[in-house]
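What follows is a pair of complexes built around chain A, which joins chain B in one and chain C in the other.
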Partner chain A sequence: MKFKTFIWFVGPSLFLMVLFIAAPLASVFLGSFRITQPVVQQIEVETCSAGFLAQTCTTELQTVPLIDEETGDIVTTTEWVGFLSYDRVLEPARAWAAITALDYNALMQIDFWSALRFTLMFTLVTLPLVIGVGLAIALAVNSAARSLRGPIIFISLLPFIITPVIGSLSIYWLFVGDGILTRGIEAWLDRDIAMFAQGWTIELLMLFYRVWHVAPFAFVIFYAGLQTVNQDTLESAIIDGASRFDRLRYVVIPHLMPLIIFIALIHLMDAYRVFDEIVGFRAEAHVTSLQYLTFDFLRPDDAGNRAFSRASASSMLTMLGIVVLLIPLLRRTWRDHKGSSH
Partner chain B sequence: MFVKRFALAGAVTVAASAAYADGQASCDWENTTEVTMLSAAFEAWMAVSEGMAACGNFSPELDQEFRTKQPEGFAADPSLYQIGGVSNGTITPLLNQGTIRPLDDLIAAHGEHLTPNQLIQIDGDTMAVAMMVNTQHLMFREDILSDLGIDVPTTWEEVLAAAETIQEAGVVDYPLGATMKSGWNLAQEFVNMFGGFGGDFVNDDNTPNVNNEAGLAALDMMMRATEYMDPEYLVSDSTYVQQQFQQGTIAMANLWASRGGAMNDEAESQVVGLVASAAAPLAMEGGAPATTLWWDGIVIAANISDEEADNAFRLAMEGLDSETVAAAPEAAIWLIEGYTPNDMATGAIASATANPAPPNYPSTTQMGLMHTALGNELPAFFTGEVSAEEALAAVEAAYTVAAQEAGLLE
Partner chain C sequence: MSDTPRAMRQPMGLKIGTAAFLAFWCLLAAFPIVWITLMSFKSPVDAFAANPFDVILGPVTRDRGNGLSALDLALGLTVLFFTIRQAFTWLPRKVSAWSPAGQVWAGWIIGVMAYAVGFIFVFFLVLPAILGVLNPILGPLGTPLIGLTTEHYQTIWVERGFYNNFINSLIVTGGTVTISLTVGTLAGYGLARSGSNIAFWLLIMALVFRALPHSVLLAGYLPVFVNSAEILRPWLGENAPTLYGQPLAVIAVLVSINQPFTIWMLRSFFQNIPNELDEAARVDGCTHFQAFRWVIMPVMWPGVITTGLFSFLLAYNDYLITALLLDGSNQTMVPAIAGFFNRETTTTDQVVAVAAAVSIIAPLFVLVMVFQRQIVSGLTAGAVKG
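The block that comes next holds the complex of A and B.
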């Protein structure tokens, strides 16, 4: 292909990738190394506020930002601070002190480390479950009667169609203090149940929810893969006396391996960014995730402050985490890819 | 059966719209310029925006996420909204950015019916017009308290004693409700209690000041109260507590006055006429009620032309007139002329007029940071992971970092 033709084909996508992926990433990366602050002044302000009967006036010292007379904008200064924001997010000194003192509880008091703990646990526990459950459904559907397959596939796919926030909210409303399911279980076991009063039950619900939500996706992919399994190999395995389990282990799974790695890649990326569940289950008091941490930094308070630098640092750290998690899988894919090209 | 129910639903809708038509405010002038408003979405704002809609050409945006949208929307030039609904907590970013305009000229032209009490003045300029006050007050099931012979509690110690009696009697699922959802709500509960113990959040040099006796006393009192609550109190917000009351699962709660109207809403409440209110309980003898005073009102954008501002303000005044109050007397503790407090308002008024009076919620940049730090760090205390001292130290540390990043501290 001529270079000019090549550029005409690739150019537009390349431009969009730079615009929507590289540029924002670079700006967040820069943002994590600098802090923009308003220039503030302390002034005495007399504020008269509404009371029920009469106005109440108070004079107090207030810290307010300086406003540029000409542009009407707040005057700000931007400073390069190096790794200060990372330091503030990671709190390495405090974390190290907790680690050397073998004080798990103290380490978990640092928002980042407790969020990392949950995010990693969540990702690594749901990964095998999603693959296992997805494969199980696919095998079940594959051996079901042809007439039943359509409806079964349709029903199995439903959890995947529901928007995560809506799905987690529905589960929340089922299990909250006076939810239908809680009431039912309470009546059955004759005891008071409060699923959202402690961390581990919330974590269990979140794990359950994520597997319920993502397994259909894995199922569809595996089901497609099962259609391409070489029937001759399977039949000869049967003749050789291979049991059902052996056939699965030595024929089906090796055949599906590239798909398993694909699912694992997608799921790792998704699960490491766990966020909807935290919001949907209102889990902030007990567990948070790295994405939630970034969200929390970015959310302005009533006075309009937001911690942009720390949010940038925390999102860069999240990205770093995903990359680290993906390295083993990517290496394997790369090896396979190189192997197959010969 | 289905048809019958369907017909019934239709009838209710018709009746409701008829009621609206009756209560609908009239407007004696025709609004020809497009006016938009962004405000919170509770009953009082719905009433006000209905009053304004009567003049036509008005599109209100009632959104509980207004706090996040307002600063950016008003900073745009021209501003995305002409009118903003704010409270004393959320006016700060607008004041800091200078995106709302002084209203004195407009009040002189169109605001003859406003009372001086409604004008929010900063250094002599009127920056907002308040329409209502809001505060937490003690709401309680009158029938339960009188059945058990309990006097209406006036201090938190008495609240706990009453809760103990109610718990023993076993007449409700939980004696107490509280808006202790982690984050903003939990922080607000602490703000109330800490203020009730005479605490001061931030020193004059912007350093934090919550890790002290008042802070410990506040946390201790809150923790003792949680024993009488639904164990899931860390996910319980105002709407949740309101529903607990409506479904008869709790007997007492220190709840927002603006939620009072919902108790007697026959469509959703099982306790119509049974819930009464009293002043917010005292945290300590001789102190102020453990609550904060809030006002809600309107502001006008700075980045719009004077004609637009004039028109928008004139429209806003239609929403803040006595017709709105007449149409929705229960929706708020109105500051507008023509309001006569009903039973449900007595508690809020008693809170607001107590001596010493509870403080206005402080509207400052520091308080915004402090509120966030409290909301993020206090849950660990209530889940039992850290002690009260550790939690308060963590609050101070979180506040300090945030204040450094915001340029308030070195």
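The block that comes next holds the complex of A and C.
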């Protein structure tokens, strides 16, 4: 294909990606080094209270934003502040003090570090679980009777297609205060349980939810891969006396390896952006993730201002994290690509 | 199963273990969804009852006069069963028989709409009327057995104006899927048929973009979108729009965010179509674009449908982007439900929010039912070789 034709085909998609992904990325990068804030001025205001015979008047200095007389908008200035926003998000001094004092709780008091801890824990714990559960379901369905496979696949797909916020809400409703499962556990253990009163139970539910939500996707991919396992290899393995487990380990798993890498890659990207669960489980008071941190900065506060520069800084840090996590997998993809092309 | 070699057959213990595991998984997968669906049809006392049987049977709801008798259940289930069966046998035959050649898709749209209207008419108007006459006559068969009320659905859809959010969701989702696929198929085809280094690096770039947390991008959009009227004024004059809160702007954002995944997926589908096909078309005098439009696209539908389903899921299910880029007046369903749920405190309001959540799942349910084969075979063809 000629280069010109290629550009005609790819152009629209490329244009959209540059305009809505690359350009915002660049502006976030710049924005993280700048702070825009309203210009303020101090004016003397005299307030007088109504009084008989004599009014009591007080004069005080008030800080008010400067307003442009022509447009009526608040005048703002944008300053280049270097790493100030990063400093405010990371709070290195406080974090270092906590680390040197070996005070874990103090470190977790800083929003960023506690969000980082949860995000990493969430990503790394769910990854093997999703692959394991997905593979187990795929193997089980593959050995089930043909007539049962359709309905089982249908039921299995439900957790995957369900809206994440709604899915986590549906599990939340089972466990919240007087939810049916909480009552069940309470009756069984004969003690009061409040699943949403402390951080770790919420984290447990979020982990459960994510595995429940993504394992079906892994299952469908693995199930598709299992259909293409070479039957001749399997049969020769049987003749050589390989046990069921040996066949799984030396024939099936190596065959599925590219798919396992694929799932790992996709899951790593998605789990690292954990967000919907926090909304669904209303966990923000106890646990937050890196993406939630940025979302929180971007929401207008009581005065209607959004903390853009801090949001930019925290999102750049979030991005740095995903790049670090992806490096091993990207290197492997790169090696495979080079290996396959030679 | 008799043709399976003996060595491949499973021992009894393993069979039982597998079956138990699958049964457990199916229970786990379906339970939360089934349970909130049950809750949404009960009055609050039943929905949050301590005894699971109260939630299933709904005695309080029944005593308030909202219930289904054995006859209701039998007739309702029969109608449902035949509706679903006819949808898969009778409807496709009629659609292909009645629609003009080359416009089967239009036939499907009209056919499905007519079928849905017919079902609603029969199930919600004709059936209750007949049962209203029959139930009092039949005595024990006609007395309510299970409590069931649709009042929460009426509250949410009619009184709270949830249909506005539904329409917004339709606009955003429809727009995203259409544009995403149009732009994506072009790019996917270009990338699949070009062996150049640029194509490879574009794909790697797309992979990195796929990994970006969406909040990173949102931090970039928001200032621009909020101030867009001022930024665009030099070019567009006084009519410059504020992009913040515009469904169109959200569609553009969702399409772009979705592009990396779309082009990766469509590219692997196009790679499965032999190159000789478009070469033959080119020999016959087609340009690249004509070959793409008239020769390749007709055999690409399975791939397009699978990719479209994923675009649909992304746009329909999105919370983060729609919550931040749309204002209250044109919110889509997901942020609206999250909003309902955060605001409301009484148990009635909670059940109303549950009803809203169940309504949002219903279309997804139908989607999987219709396209299940496509999802599985599509992923087999696409992702496995990707």
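Everything that follows uses one rule, which is that the second predicted complex is superposed on the first by the 319 of 342 C-alpha atoms of A that agree within 3 Å, B and C clash if a C-alpha of one lies under 4 Å from a C-alpha of the other, contacts with A are read in each partner's own complex, and residues count from 1 in each chain.
The criterion applied here is as follows: contacts are C-beta pairs under 8 Å (C-beta built on N, C-alpha and C of every residue); 3 or more make two chains touch, one makes a residue touch a chain.
Quick caveat: nothing in here was measured; it's all calculated off a predicted structure.
> Report for A:M121: first if it touches chain B alone, second if chain C alone, otherwise both or neither.
So A:M121 meets neither chain B nor chain C here.
> Check whether A:A285 is in contact with chain B, with chain C, with both or with neither, and answer first, second, both or neither.
A:A285: touches chain B, not chain C.
> Which of the two, chain B or chain C, is in touch with more residues of chain A?
C
> Identify the partner contact of A:L61: answer first if only chain B is touched, second if only chain C is, both if each is, neither if none is.
first
> Have a look at where A:T5 lands relative to chain B and chain C in the superposition and call it first, second, both or neither.
It touches chain C, and chain B stays clear.
> Mind working out whether A:A101 is in touch with chain B, chain C, both or neither, as first, second, both or neither?
neither
> Under the contact definition given at the top, report the residues of chain A touching chain B in one complex and chain C in the other.
In the superposed arrangement, which is not itself an observed complex, chain A uses residues 178, 282, 299 for both chain B and chain C.
> Quick check: in the complex, which residue numbers of chain A touch chain C?
Spelled out, the residues of chain A in touch with chain C are 1, 3, 5-6, 8-10, 12-14, 16-17, 19-28, 31, 136-137, 140-141, 143-145, 150, 152-159, 161-167, 169-171, 173-174, 178-180, 183-184, 212, 216, 220-221, 223-225, 227-228, 234-235, 238, 244, 259, 262, 269, 272-273, 275-276, 279-280, 282, 290-291, 294-295, 297-299, 306, 308, 311-312, 315-316, 318-319, 322-323, 326, 330, 337.
> Using the touch rule from the top, collect the residues of chain A that touch chain B in their complex.
Interface residues on chain A, with respect to chain B: 35, 37-40, 45-58, 61-65, 67, 72-74, 77, 88, 105, 108-109, 111, 176-178, 192, 194-199, 282, 284-286, 296, 299-305, 307, 309-310.
> Quick one: in the complex, what on chain B touches chain A?
Where chain B meets chain A, its residues are 67-68, 71, 88-90, 92-93, 95-98, 116-124, 130, 133, 181-183, 186, 204, 206, 230-235, 247, 249, 293, 295, 297, 302, 333, 335, 348-349, 352-353, 357, 360, 363-369, 371-372, 376, 379-380, 382-383, 385-386, 390, 394, 401-402, 405-408.
> What residues of chain C sit close enough to touch chain A in their complex?
1, 5, 7-8, 10, 14-15, 18-19, 21-22, 25-26, 28-30, 32-33, 35-36, 39, 48, 50, 52, 55, 183-184, 186-187, 189-191, 193-194, 196, 198-200, 202, 205-224, 252-253, 255-257, 259-260, 263, 288-289, 292, 313, 316-317, 319-320, 324, 334, 337-338, 341-342, 354, 357, 360-361, 364-365, 367-369, 372, 375-377, 379-380, 383-384, 386
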